[in-house]
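Listed next: structures, encoded as structure tokens.
Shared between the two complexes below is chain A, which has chain B as its partner in the first and chain C in the second.
Presenting the complex of A and B:
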């Protein structure tokens, strides 16, 4: 279980964190956030839990609270509905911003167990669910055409890429760092 | 765009066909919701839209977007390049796939270096990504290419007894600057398609709110709480059914409705239909041919009231 976002009383600013964020694809737009809170006000998840506040998370990024953010559960709570991005007056897509933080979390070794499981299914079956003979039979009974077979060579290549960019995605079942 | 123009819009696909698409199956529908593909194929067939099965494609890359960006782009480019190889635009029924492929394509069109990099990786598959294949969601085809008038003309069984809660979901509408479809704050495409059957697409509180399913893995209780709030509002508005255009939304409102009912000690009993299932009923296609027998929440209460 990932810990809840634990904001330390004194944040030791890590300016390199903002730089790291800005270098990630889609990360460069986060520099335009001026903390107006339109994202939090529009957010479906924020409406249903007190824990998740996208504005605050972006603020903490600029303050350099690297460890607290990357190991938190909260960055995984964005539903990616894109309402924030649609309404942000600065044109920042905060949902994309959450994906930036997630990718950095994984690169730094904070991998939720469910993500590890999902990735491993894609790299084994080529899809998030296995298309087994029961699925093929069901489709046949319904008169649906057979599914395209998975391009194994492509999945191998994909696996190489993911493992070289995010080595901590491989691991035993169980806790991330 | 004015409503009139949207209604008569006949595809700015610049010469490519609007009646023939490469079908992108994705992961979820074939394994968990074949009724969506079944009903869509039946309806599209009647409306003259041909689906060609794409080869060499499996996952759209959405789950990898949060893991590694280069790998995500690699998956999107592969899928799109396969469609280009077969000279087809892509049609998908899944909002997740639609969002992923659209966002990936937009990124590739804006980042030449990444495009060159991914094409290096695609060489060993004899593929080149050029950006010529468009990505389309079912609702765009039905609304823009087929059109409300054509659908009205195919209605053999008017559904005017039904009050329907339209659930747009998220990715067919947002981000607007990428998908360029309908209006993300005041959409009307799904409402008009529902109304074309004779049914009434009603207003209800928080109609455009997300279903919550993307965070099921991260926090199941929270996801279910979000879906519950939608079911509450749909019930308050006295809808006979909710209609969706995404497998995740449908699995939330149909497959998980009983679990949500149990968890919050409710008894919703609200049928959840996919849009092609509703359209199919209006076109007098038999419920079994639309996969309605596979819906978890019984659809009897609406089927029994139809002419």
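Presenting the complex of A and C:
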């Protein structure tokens, strides 16, 4: 299980992390955040967790608490409903921002087990879950057309790319860094 | 000084103005004219359509000549419109201007009683009667003039002093510039780049010094201080002590501009880590470091705003709740009220942002974080704030009521801990530099300066301006003006502006070279005076002085410095002071004739109101201009200041048949004569005690603060007082005819 976001008490300010985030596509706008908290107040997920606070996450990003952010499970909790982006007074799309952080997390080797599991299943079955005979029969009974078969070649190409670009995202053992 | 001519038999001319239908449509002017003829001392009475027109003015002049009039009463609008005009008309006809009296039967009669023409006509008669009685008591007056030396003393050679000196000198006046340090420039010498242009402070300083050193009209005295100042506006005698010379220098000047600046506050060590490490510095010290390029490329710099400023109150909303919630250590929050000043120094926010931008410019990888409570980036400086944000300067909101601790930490870092309001927790930043933004504080010289120049210090320790709006660079002492940060925190541009304002004010005295005072001034009768010193103590304009004449101590009032409020007149226990044009008998004549005639029930209950010219009387006029309607019961007396109201005038009012008395003046803090209304308040309190012994109910006298903009309040006061007095019934001192 990935650790909860550990909010550090002592922070050594490091602007390089913020710079890294800003360089990512969809990351530039994060500079405008002035920490008003409208995103957290609007966030659907925030209501149901104790630790997921988008404002705090962006705040820690600007201060440079790289390890704490990228290692946490919280950045994976965003439901991408975009309520935050709609209401942000500075026009920042926080949901996109979470995506940026996820990408950076993977780049730095922090991938939640659940993501790994998803990816490995796609590479095996071509889908998030295996479509077996039971499912095929059900579909027939309901009068639904059969599902297209998986393009093995496409899966191979995808596998190659992933292995070369983001090897840490693969692994069915459920191990996270 | 005064004119004690023999009073001739008054021959009063009364001119009723119809003002079209403004007055004529409500008040029956013919009736009033007829009535005026019956009054004693009235030699002539007429009415005109528009008395202020050419026709009207000629009529006055003709009547003066034809009927040999020596007093003129015009009953029309408010004196605040045409008093000067009618006074001039009298002068042109050979009559002293101060023998003219105005009766307000428009703003304070026809316009406010539009639905009661009979009562309004009656009230107009009462007003005219009061004016005629007062006119009969008026005396001719002449204005006093003094010469104003066309020379100026500028104290202080910082940017404000330099700007004032060169601006004054450029107009052809002689300037003596006294600077206590050996070099000119004040704080400007310590600055690096100034906002918003990011010019070098040294460039600006060079230009300013050049314009002073190149001007022949300026006598430059460095390493010198002002020892003593005597005399008054137009002819100050100044003694300057020079550090390197044994003898003092004496110079005579017409005006003085005080540009002595302010100091930079430093927190007491070791608060905020000041003194703990040489990397904990003030913003002023940072200027020096940046100027000498000694900052290098640190990893991070944290700036702390409001250090030693805004102290003493809780500013942060929600702080009380925070304490209750347990997130904040109760003991810590008690500790937080340390030394400092209660005001905001205005310039530190923009200054910090400016320095942050300079650091980011030279070392883009340095993380600059500003801990703030509120960011005050006004005018176009908001742009600097946006620039700073865009360049990656970070802003974190902290609670300034809780201590910010700066300790040294491992790895040579500073551990700066504070309470982060948005995170609602205490946190630390490990940074390389801590820059403390501290306020501009009053110069230590201010106390001595205020005694030497006899100008007051404000509650915050800075030199006090006469009035924030009516006299922003004046002091309560005529001829002495303020420039620069001596009066409070200002940025560079504002200091220059205030210096130019002071220059304009000083020039307004020096250019004509003469100062004429309105003849409403005071004089002490030396035989009655016993030099108790009360007048000297209470006058905010330093006009009375206790002097020795023929071996006897008496008070003497300088008519040039006297502003004519009359507060000393009412204070003098010996009735030794006279305020010309508002003498006791002149006022009493109005009080006694307010209800002396067959007023009938048009003024039941009868209320007399003492108003001050600048606020309450103007408020009454505004009620008129706004056509607010109120009961006809009040008869208004116009005085320079509520401070002129001697309690015995209130007794006179009751003796004369008033059922109620209102004393009204400017709001506390706004008195045109600075402190007259405060004296009025004190007297009102002692008056209340005395009323008891007379058997008069305390409620019959009211003290009200009505400003010139409060027409509605005026109308309300009249209505409420009328109702209240009606409920109380007639004044027990009055003989009620059956």
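Quick notes on this structure:
In the analysis below, the second predicted complex is superposed on the first by the 173 of 177 C-alpha atoms of A that agree within 3 Å, B and C clash if a C-alpha of one lies under 4 Å from a C-alpha of the other, contacts with A are read in each partner's own complex, and residues count from 1 in each chain.
Note that in this section contacts are C-beta pairs under 8 Å (C-beta built on N, C-alpha and C of every residue); 3 or more make two chains touch, one makes a residue touch a chain.
For clarity, every value in this text was computed on a predicted model and none was experimentally measured.
Judged by the touch definition given at the top, the superposed model places A:15 against chain C, while chain B stays out of reach. Shared-chain residue A:4: touches no atom of chain B or chain C. Within the superposed three-chain model, A:35 lies in touch with chain C and out of touch with chain B [touch as defined at top].
Once the two complexes are laid over each other on the shared chain, residue contacts for A:59 go to chain C alone; chain B is not touched. By the touch criterion stated above, A:128 is placed in contact with chain B alone, chain C being left untouched.
Within chain A, not a single residue is touched by chain B in the first complex and by chain C in the second.
Against chain B, in their complex, chain A makes its touches with residues 24-26, 44-45, 48-49, 73, 76-83, 85-86, 93, 99, 102-103, 106, 112, 114-115, 118-119, 122, 126-131, 135, 138-139, 142-145, 147-148, 150-151, 153-155, 157-158, 161-162, 165-166, 169.
Every residue of chain B that touches chain A in the complex is listed here, in rising order: 25-28, 30-32, 34, 37-38, 41, 53-59, 63-71, 74-75, 78, 99, 107, 111, 114, 121, 124-125, 170-171, 174-176, 184-185, 208-210, 212-215, 217-219, 222-223, 225-226, 229, 291. By the touch criterion given at the top, residues 299-300, 302, 365-367, 369, 389-390, 392, 394-397, 413, 415, 422-423, 425-431 of chain C touch chain A in their complex. Across the complex, chain A meets chain C through its residues 7, 9-16, 18-19, 31-32, 34-35, 37, 55-56, 59, 62-64.
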